[in-house]
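For reference, the structure is listed below as structure tokens.
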Amino acid sequence: MRANRILDTLAGQGITRRAFLKYCATLASLMALPPSAGKAFADALAKAPRPSVIWLPFQECTGCTEAITRSHSPSIEGMLFDMISLDYQETLMAAAGHQAEAALHEAIQRNMGKYLLIVDGSVPLGLDGAYSCIAGRSNLETLKEVAAGAAAIVAMGSCAAYGGLPKANPNPTGAVAVSDVIKDKPIINIPGCPPIPVVMTGVLAHFLTFGGLPELDRLGRPKAFYGETIHDRCYRRPFYDQGKFAKTFDDEGARKGWCLFELGCKGPVTYNACASVKWNDGTSWPVESGHGCLGCSEPDFWDAGGFYKALSMPARPLKLEPAAIAAGVVAGAAIAASSRSRKSAAKAAHETTTLADLEK
Amino acid sequence: MNELQFLTWVRGPGLDAAVAIFLLGTVWRLIEIYGLGRKKDLAAPRLTPGASGWHTIVRRSVPPEGMFKQSPVTYVGGYVFHIGLAAIVFLFAPHIKLVEGLVGLSWPGLPSQIVDLVSVVTLAAMVVVLVDRIKRPVKRFLSGFEDWFTWAVTFLPVLTGWLAVQHLLLPYTTMLALHILSVEVLLVTLPFTKLFHAFTVFGSRWYNGTVNGHKGVPV
Amino acid sequence: MTLPDIPVAAATGTLTGNARAVLGEVATLLDGLLRTGEGGLIDIRGLPMSPADRQWLLEQLGKGEVEILMDIGGRSRIVETGLPAVWWIEHRNEHGVLASEFVQVAYVPELISAHPDDVESGLEALRSRISELS
Amino acid sequence: MSATLEKGVRVLKEVIDAPIASYFNSCVHCGLCAEACLFYTETGDPKYTPIHKLEPLRRVYEQEYTWLGRLAKAVGLAKPVTDAELHEWQELVYNSCTLCGRCSVVCPVGNDIVYMVRKLREGMSASGNAPDGIKGAANRTVTIGSPMGVKLPAVKAQMKHVEEDYGIPIPLDAEGAEYMVMLSSMEIINFPEYLGAIAKIMRQAGKTWTLCSTAFEATNAGMQIGNSDLARVIVSRIVDGAERLKVKCVISPECGHAYTALRWEGANLIGRPFTFQVKHIIEVLGEFQEQGLLKTEGMETDRLTFHDPCQLARRGGVIQQQRRLMKQIAADFVEMPDAGFMNWCCGGGGGASAIEEGEELRLEAFKKKKSQLEAVKPDRLVTACANCRIVLEEGLEHYQMDIPVIGLTETIAEHIPDSVDKEGA
């Protein structure tokens, strides 16, 4: 697969200019860019060459890959694979064993300094990285080697972006995020468990159109998709504002589609685009299906106090209180006893005041 | 520490510690204060309807005759921000949820738009009473570090809570965490400053009402 | 069983006032179109609108004379509203799910007009066909 | 720490109790007590804010009876109470406080501020920081028997005059009488008509009564100076006298603090409940009126208003009786603004009138009374406290207001018919 113009590749697959324009308009809408950006995408992408992409899976569950490939063509996310030259992806490529390793090294050599590296999965540092090895090499070694020649890195999914489920307390493998290992390359985090496929497409489109990374937030996430909370975009938000909450998953409120805040929805603190982009070709998304947001695009979401606890509830049961009350009683009783004995002492020492005592 | 970890900390260990210190301090201070005891009043009581500690606890919430016009700002500002605080603390759905999470009690709340409005009014009233404290000679004369400090400690939870709900200034997660943190500072501070009047006001009114009620004076 | 069969659904909600704002925006764009010839595009899904808002907006805009259907990677529908030069555009994917939705203010939506490059290759194809026929 | 200061602080440690602890912890520095205090409203000086007058007491409380205060004291962060400070506070605790109790009824958190001033005076007096004027009065009360130095012979002379003027015998040491009537030395020296009025009223009501040779003086400078030991000495004389004569009820004269000392503090000073009742003369008159034992003829026709003595009304709970009595004898009775429960002090209660150096401030504070009077423009001012009466007269004279001040009891007595036969005494 030689790199050539994206539009030509698409035309070769029967995708017309109008279909492409429609795709770009939709993409711009999803990225919350001004509607006019759709045309800018189309103009730029039509001329851009297809970039080489190397995709490395580390300590992961393949859920991210599944999410993207299951939403494959003919949906717009599927066009991702038409826009890029995917030179290495273990799950998808036909090659195996030494052949696959050879393909990887060939891709690195050929596109040195220009290819895009996509990583899914966290990097285990425990036991010198022995928890996850491919071809006899630890993920850590592979990452360092491949990252060295990359133009930019996309950390795909919460594991690559933050350390993910493997990093959950007590983090037995010493899992870390890509950004904890690689410090000298631009890194885009696309967290989510799994991430929304179109975010990947949007980032690629941006990379190809504007030749750089999109605007990122403090956690390295594209603001276009992670700029607002689930809560802000949630169609159930009016119920929150009216104070109408489902109290259990099968009560009247749940049937009426009221706000799931009290059932532990993490929408208010979760930055992601689920509420507007939805899942499964725009079919539905967690809150629409009746379950609160888990907050999967936020760091350490599994250790954030329980999925079914309202955000305003304590993250863990209070433990110190009985001891505190007991200590308060003891401290109070001690000072009260001391005060009373001081008072008694003052009384015992009382000298009846006489007229003479009125003078100094 | 990222925002969510910060939030999880203030919802977890931070809350635990703050509530523990609050309870410890409250129990200790209540025993410290009321453990001092008082002498029985040996004078023959005069019984008058309406003259008792309990009556005074209620009645003292209303300005005595002629006092309102002496300092309307103190009264109006005081009413608005105390009632506002009570409404925000006890009638905002997430707060009710917190109480339910802690002790299992729950009750109906107010729509968030109303709580929102109440918050703005409360903040405004608190600013007014602060300005009054700065400008009015008696209040300024009486005020020390503790007065300014406790004002800030009370103001910040309302401000951060409102900012968080309105998504202003900082990301919601950070603002929510700051809000909870500011409440924890308030909890820790309360038993050891003049904010403790939240508890002792009842004791003080009761004592005043009882001492004077013994004389048959409904104060 | 399909999704609508599941008896869990949010109420369609009430009017938020956002649809009203869209009407104002349309008026501004129409005014611009008359004065400068340049219209504009409003991304409906980019606005926080309830289903009731959307319905209300559709009713306010009304129905015009032109309806264009395109089969390009899923069905697309371009409908002229009751207001000339105001178009309602729906893009669906191949499953028929709504992918994006716009209100466009233009004399003719640009998606409909052919691109010079395509016209050129079409002309080339026509010429070669003519030469083959002769 | 000097011996006297040490003694003062020790006395404060004795008197600090749970209410005081609760009060200090409740204060939010709202400043409303200042608005209730005539020394602040008339001078505008924030140092007269009532709660500020308690600063030394607050610090002793914190440093002695709270953990944090004791900690601060141990590490040297707490400011100790000094002799110089107590001396400076004399003006705030005595000169500018009449124990009128207005602050106590307006405090929104319910602090009984006057209760605390009374306690602080215990420490002030024990440490020698009471004003000379009250010290002198206390000295005379304890050694001679009355603050103005009145002795029994003077009383007897007064009795004789009254018996001659009114033709009614004045009983002395009549055992088993229903009422034992007390006097204040002001009444013995300045207002002798009070004794005559009592005689007429008792005769009409058909009640037995007596004076007591060992306890005729009701005022208690020990309470004013704030010293329970001295107050106890003085109140014990009355208790002994009443118990010796086996009377049912002791009548406090038209004197506010004498009533408080006897009615509310007395039993607590001697440490046991009284075996007799204590009533203010206005209360007794009120009862007579209710029972139909008080018949008057004629009405005062000029405009009268009534000044409620603080210790009688706000601090004593006698508020309606004087109004009903006024209406019985006055055709044109008007109320001043804030009259009754919220009445403003004359400015000389709680011993303040005995402090010479406080006179200027007292006259300044009198402006409040002046404005109250100007609002209703009475021809005469009626009250039921000899001390109020003196202070009012001084103030009125200073501001050149020509309003005579009279006592309620004798004004009523003037309307009691002289005929003995009808009453059948």
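Chains here go by letter, A, B, C and D, matching the order in which they are written, and residues are numbered from 1 within each.
Heads up, the rule we're going with is that a residue touches a chain if its C-beta (ideal position, glycine included) is under 8 Å from a C-beta of that chain, and two chains touch if they have at least 3 such contacts.
Going by UniProt, the chains are A = hydrogenase (acceptor); B = Nitrate reductase; C = Hydrogenase expression/formation protein; D = (Fe-S)-binding protein.
A quick note: this is a predicted structure, and the numbers were derived from the prediction, not measured.
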item	value
Interface with more contacting C-beta pairs, comparing A-D to A-B	A-B
Centroid comparison with chain D ((Fe-S)-binding protein) (C-alpha atoms), farthest chain	C
Centre-of-Cα separation between chain D ((Fe-S)-binding protein) and chain A (hydrogenase (acceptor)), whole angstrom	77
Gap in Å, rounded to a whole number, between the CA centres of chain B (Nitrate reductase) and chain A (hydrogenase (acceptor))	39
Centre distance in Å when chain C and chain D ((Fe-S)-binding protein) are each reduced to the mean of their C-alpha atoms	91
Whole-Å gap separating chain B (Nitrate reductase) and chain C, where each centre is the average of the chain's CA atoms	56
Numbers and ranges of chain C residues touching at least 2 other chains	none
Sites on chain A (hydrogenase (acceptor)) at which at least two other chains make contact	331, 335, 339, 343
Sequence positions of chain D ((Fe-S)-binding protein) contacting 2 or more other chains	16, 65-67
Full enumeration of touching chain pairs	A-B, A-C, A-D, B-D
Touching residues on chain D ((Fe-S)-binding protein), where the partner in the complex is chain A (hydrogenase (acceptor))	2, 4, 7, 10-11, 13-14, 16, 64-67, 83, 125-130, 135, 138-139, 142-143, 225, 227, 229-230
Chain A (hydrogenase (acceptor)) to chain B (Nitrate reductase) touching residues, read off their complex	218-219, 229, 231-232, 240-243, 245, 261-262, 268-269, 271, 295, 298-301, 303-305, 309-316, 318-321, 323-325, 327-329, 331-333, 335-337, 339-340, 343
Partner chain D ((Fe-S)-binding protein), residues of chain A (hydrogenase (acceptor)) touching it in the complex	331, 335, 339, 342-343, 346-347, 349-355, 357-360
Chain D ((Fe-S)-binding protein)-touching residues of chain B (Nitrate reductase), taken from the complex the two chains share	28-29, 32-39, 41-44, 46, 48, 51, 56-57, 60-61, 63-67, 70-71, 74, 78, 136-143, 147, 192, 194, 196-197, 200-201, 203-209, 211-212, 214-217, 219
In the complex with chain C, residue positions of chain A (hydrogenase (acceptor)) that touch it	15-19, 21-23, 25-26, 28-30, 32, 35-36, 38-39, 74-76, 233, 235-239, 254-257, 276, 281-284, 288-290
